């Protein structure tokens, strides 16, 4: 049983208090959405969870150990996808995927075509992303979800730019992951429902939660 | 150690201590300054080689020492804030940098003024002056980097890295410049370095060094206090102070 | 261990591929380098004494300026598209990944720069001793510039004010410039350049050990 | 040492006094800026505090 928790978190950006006294605790199978208006600190909260932003007050714990104490052990367990796709326009889809795969540390060979088929981009192996639409780029960025073995997923606006079919694919992936004991935290503009899985949610308003 | 640092790093504690400290530091500074000036400008006999022009030493040398000293402060407080994330050291580094830059400028300009009667020109590519000039560039870079950030915490930590790299680099810079200047000029200018100095000349120099050091501390304390007030403007103790 | 070597190679290959797919950046800075060098004979004349005295130092100054121009490419695109977050949060030490990126920058920029310098030296008919000294100092000095530069780029990338990077790098790279030009002047006088070579090698070792660590720390700070 | 001697500095008056002049200007500027900054900060904070209480 693993546990991800946040204690008494406070975040100040540019002298504005984004949130204060935030507590959160998630166990295996937990699914959490963070929603709120632009500038309410959704992305900041997600980045704090992933350990990108260092905090001054409060702590982020993974299995009751502060994530800064065993950083690489923690990083071995997480997958973070920001609102940017982190793909290179001048590398082909396959080349991009190879790099993503190598960074996960997995030794097995990847089957490009299978993954691309699952994400709905069959036959685009040799295409350069600069020729692709925003939705396709987002899908390519989200192929990380197929290649990772991490238990904790932090997804910043995963459904952005995706069409209905794409949203469904990602939703199913997330549900599958959580059903198998993974933990997912994602952000959205608007509160959304996910069918067939219990979903916690927090809403960020300015200055209070 | 950790606990002590955190207690010392607590803004309120530092604020209270610094108020007491400020008083004493200012008194020491004024006494040493007057004593040093009187000793240096009136009591000390003229140098047998340089005549009265050597009296510039009483501002040049303390300024040069302080310019290096403050850079060391930048680097050490940078290291502390990188390791322990302490606000006070962030603030100390930020307020010290302009003071350090002004001392570096002072050391350079008094050095150049001194150079005119000594070497016949204002600027000589002497190893010490050249490294001092590069030190000024380092200070300016540090200040520019800090002011480019909106978030002061990030600015402090980025500055800390720069200061640490700078402090590793300073001995290398100094050595390389010395290496270069001996090759180009030969070791001609040693008058500035180690004058076998008479006691009546030395005591005012020591007084002036103390005066400059306490001056820096006094100014840094004033600036640190106002920065603390800005940081902590929402806490109750600050409101209490401002209420009075 | 082999895992670490493997990921180093992956990142190295990635950055080399990126550089070759989008050549404009480093080719432009190399062209800038060549143009600046040709300016010097045009201003100082082509008497062989002047050429031998001034040109090697000028090649070094041009190399320094061109490096400043090219450095941003180490992290610019990674910063814009969020790759740097992925590298930071990967299971591998950021220091290692960053070293691979710096090495890639040196291969795509430092190495061509050395070759061009030697060609320019031959074209401008510098003496053999000077060309050898130029080669030795450049091969030790350009990696130092890449390493030192990567830290400064990590600190300044994406900040307003593009001159800031140069303002930070130039004073810090003074020792490299000084030892290199002193070595070349010694070579011109047929004197030994061993001492300067050792100094440069020492600085290089120091930079290799410290710069990737400092770059990684700087990147983490910038992301927060 | 007469006052005249003191001011002429053995013929180096221009150098010595200009060096000291610059020093005083720099030191004074440091004090001035620090104190002005302190006053401004306190005034600003007091104003903010006052408007919060109303």
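By written order: A, B, C and D. Residues from 1 in each chain.
By definition in this document, a contact is a pair of C-beta atoms (placed from the backbone, for glycine too) under 8 Å apart; a residue touches a chain by one contact, two chains touch by 3 or more.
The model shown is predicted, which means the values in this text are computed figures rather than measured ones.
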If you tally C-beta contacts across A-C and across A-B, the winner is A-C
The chain whose C-alpha centroid lies farthest from that of chain D is chain A
CA centroids of chain A and chain C: separation to the nearest Å works out as 36
Chain-centre distance (mean CA atoms) for chain A and chain B, in whole Å, is 48
Between the Cα centroids of chain A and chain D the separation in whole angstrom comes to 55
Between the Cα centroids of chain C and chain D the separation in whole angstrom comes to 44
Where chain A touches two or more other chains simultaneously, the residues are 54
The positions of chain D in contact with two or more other chains are none
Multi-partner residues in chain C (2 or more other chains touched) are 224
So the touching chain pairs work out to A-B, A-C, B-C, B-D
In the complex, the residues of chain D that touch chain B are 1, 6, 9-12, 15-16, 18-20, 22-23, 26-27, 29-31, 33-35, 37-38, 41-42, 45-46, 48-49
The chain B residues in contact with chain A across the complex are 85, 150-151, 153
Interface with chain C, chain B side, in the complex: residues 82, 134, 137-138, 140-141, 144-145, 148-149, 154, 157-158, 161-162, 164-166, 168-169, 172-173, 175-177, 179-180, 183
Interface with chain B, chain A side, in the complex: residues 13-14, 54, 56
Chain C partner, complex, touching residues on chain A are 47, 50-54, 72, 75-76, 78, 80, 82-88, 90-91, 95, 98-100, 102-105
